[in-house]
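Working notes, structure below.
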Amino acid sequence: MDRSEQRNRYYNELAGSSLHRLAAISDGIFAVSMTLLVLGLAVPTASEVRTGMEGDLARLLRDLLPATVTYVMSFLTLGIFWVGQQTQLSQVERANRNYTWIHLGFLLSVTLVPFSTQLLARFHWSRIALIVYWLNILVMGTALLLGSEYASRARLFPKEQGRMIIQLVRRRVLGAQLLYLVAMLLCIFDTHWSIALIVAIQLNFALAPPIPLLRRL
Amino acid sequence: MDRSEQRNRYYNELAGSSLHRLAAISDGIFAVSMTLLVLGLAVPTASEVRTGMEGDLARLLRDLLPATVTYVMSFLTLGIFWVGQQTQLSQVERANRNYTWIHLGFLLSVTLVPFSTQLLARFHWSRIALIVYWLNILVMGTALLLGSEYASRARLFPKEQGRMIIQLVRRRVLGAQLLYLVAMLLCIFDTHWSIALIVAIQLNFALAPPIPLLRRL
Amino acid sequence: MDRSEQRNRYYNELAGSSLHRLAAISDGIFAVSMTLLVLGLAVPTASEVRTGMEGDLARLLRDLLPATVTYVMSFLTLGIFWVGQQTQLSQVERANRNYTWIHLGFLLSVTLVPFSTQLLARFHWSRIALIVYWLNILVMGTALLLGSEYASRARLFPKEQGRMIIQLVRRRVLGAQLLYLVAMLLCIFDTHWSIALIVAIQLNFALAPPIPLLRRL
Amino acid sequence: MDRSEQRNRYYNELAGSSLHRLAAISDGIFAVSMTLLVLGLAVPTASEVRTGMEGDLARLLRDLLPATVTYVMSFLTLGIFWVGQQTQLSQVERANRNYTWIHLGFLLSVTLVPFSTQLLARFHWSRIALIVYWLNILVMGTALLLGSEYASRARLFPKEQGRMIIQLVRRRVLGAQLLYLVAMLLCIFDTHWSIALIVAIQLNFALAPPIPLLRRL
């Protein structure tokens, strides 16, 4: 190992080692993505509504219903993944360059949610739009699992709980992704069934109702 | 209780337990929502103003007056709820999964403020737009109260002050929501009276003037 | 003083008392405002440029020059006020409800900068646009000074340095605002002279060149 | 040195001295810039797609391919510079006014990335657009190097590692910028080759593959 390589090793040890800043940029990206979702709710323009005609406005707001459903669905999705990532970051004892980059990959998929949400809101009848949305969830789940797998292998988790954590994460991510897969496949019949099931899954994760069957996943 | 359930219990204890990150994503979402309000102030386009004609620009800026009023009103609204949430988070001793999700619900309603603000700015004559705006404030208040009620029941507040805090929060939220309700009902006569009263209420909360009657609420 | 008033006093002491969160929402609002400035640099649309014609694109980018100048000017402006607020917050020992609301007023004027910047970029020949921009800077400076004055009166500064700090802040804010006033008045002749002087002032604050005359302000 | 100068010296020592807040605003600006990139992926509008015609949507999504490539490229670029800045900030022991302003200059170039990315996405055949993008990377790299050089000269690094750090940073920044320069020059033949090489360079930095030749840079 020559000197230049030694220096690089030193640099790589320092690079991306701040768990605090990884959490900070994650919170920032989640916050902006969650708030940008609202841009998908296009406020009716003044030219579409005759002044004083409440009926015009009521009708236009009713047209926003699909966009509102996907809005709530995506906010829940981002909330679920934010809680998931927060839990993971609170468990690792330190970060490193590779771990940071896995999370940046995860965050890349997070920033895509406003796009795939607006696509699905606009084309809620489209299987392609639904599959794009499902792929986005799949990539987020995969990246989060990858983070845990790497943390486990690189011994970033505390020694005692490491094994238990990784088994738990695998079970939860695979269980959730299985449910999303089923929801996606429902689009063979109708994309609206898929959307309804995804909303139900997200509500289940958010509300954590005391139904043993669902909790076990 | 089988092993998988034990693991889940362990996971749920860790999940959403970071008060620091809950505060961080809240600050992020409030910051973005407050700044996105400015997009409601549409800058006049170059084609609307003849070069050198200050009169054209002056007239267009005057047209922005309703949007400016709702802008300031919504900034104050978000400021009031940010201070309220900050106060609550500074009082709880720890967070948990359920508490985190109540706050995510609260933050969902926060991200809707730029939408309901722009709706009201554009259709300030409309009772529907006003009721949408009022519902937004109602949901924010309800979610914040729910957070305190849950924190009280789940013993997240310090033991000694817990009872006093929850009584105080109930009084303040109910008092404020009563005022907002009155303001909303004024739209039976004219929506502009409602807007004027909401602005007055928000200024009262922001400036906290030394008028005993108002402070008592 | 009856019991309800006692409770309110207790609440007001807790409300807005977190310096850490005040700093966090400030950083968030500054970060979003600074980044939203880029939306003022409208990327030429595909329909304006014939494929393969570099000349078309070059001409359109040249048209973005005024927007680029106001962009850099406003980024510097926000940077100067961010450093100013950071300095103030690093000096106070604690916050309270009133102090927090003065800063929220300050942040309201910060979120207006993307608006007034885009207005000036589009109508750089207009005295009205220039005065709106100047008013924005005036309000930011006034709010920042007000924060220091209040902190001084409410004894939020450390006892020993309190007097020195407030004298220093007054001098700096008044000195800077005097320069901005001169720049604004130059619009009697030509708004472009005003813009040039504001840019020069901001560069002076940012670069802090070793010219005694300027440093003394 | 008269009294007013003494006061200024005191003020300048306090101004911009908070490393924590410099990190916070940096995380905020990176988070917003990374998320704003998604606005470059324009969701097809409802009028472009006949209801039920998946083919229409598929074709429009295929048209988004260049925008998707530049999106991923720019996310990686921002990730690389975020890791670079984080590493630098974790090494300095304190900040000061000048150091803060060098970083604000760096952040100015960061906020320009969504602009130069959208420009390149729209005009991927254009050498001008490519050179604008390359200049953006060049300015970011230069500002980051400048920060390290200043930190080294102003003794902000810890005494023992200071020399080693600055040599390492110089090598890395110059090596990377050399690669970007080569990529830019490829536009003499075809801008798409330039884009391909930049993507390859960013992937190399992100994935840090175990190829000695590349790691040595």
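First chain written, first letter: the chains are A, B, C and D, and each begins at residue 1.
The definition used in the following text is that a contact is a pair of C-beta atoms (placed from the backbone, for glycine too) under 8 Å apart; a residue touches a chain by one contact, two chains touch by 3 or more.
Fair warning: this is a prediction, and the values are worked out from it, not measured in the lab.
S.K.: To lay subunit A over its twin subunit B by CA atoms, how big a turn is needed, in degrees to the nearest 5?
M.R.: Rounded to 5 degrees, the superposing rotation is 90 degrees.
S.K.: Please name the chain that ends up farthest from subunit C once chain centres are defined by their CA atoms averaged.
M.R.: Max centre-to-centre separation from subunit C belongs to A.
S.K.: Between subunit B and subunit C, two touching copies, which fits better, same or different residues at the interface, with half of the numbers shared as the threshold?
M.R.: Homomeric contact, different residues on each side for the most part.
S.K.: Measure off the straight-line distance from the CA centroid of subunit C to the CA centroid of subunit D, and report it in whole Å.
M.R.: Chain centroid spacing, subunit C to subunit D, equals 24 Å.
S.K.: Please work out the Cα centroid separation of subunit B and subunit D, and write it as a whole number of Å.
M.R.: 35
S.K.: By the touch rule stated above, which residues of subunit C touch at least two different other chains?
M.R.: Touching at least two other chains: 24, 27-28, 31-32, 36.
S.K.: Would you pull the subunit D residues touching subunit C in the complex into a rising list?
M.R.: 4-5, 7-8, 10-12, 14-18, 21, 24-25, 27-29, 31-33, 36, 97-98, 100-101, 104, 107-108, 111-112, 114-115, 118-119, 122-123, 125-129, 132
S.K.: Under the definition above, what is the set of subunit A residues touching subunit B in their complex?
M.R.: Residue positions touching the partner: 23-24, 27-28, 30-32, 34-38, 41, 43-46, 49, 51-52, 54, 57-58, 61, 72, 75, 79, 82-84, 86-87, 90-91, 164, 167-168, 171-172, 206-208, 212, 215-216.
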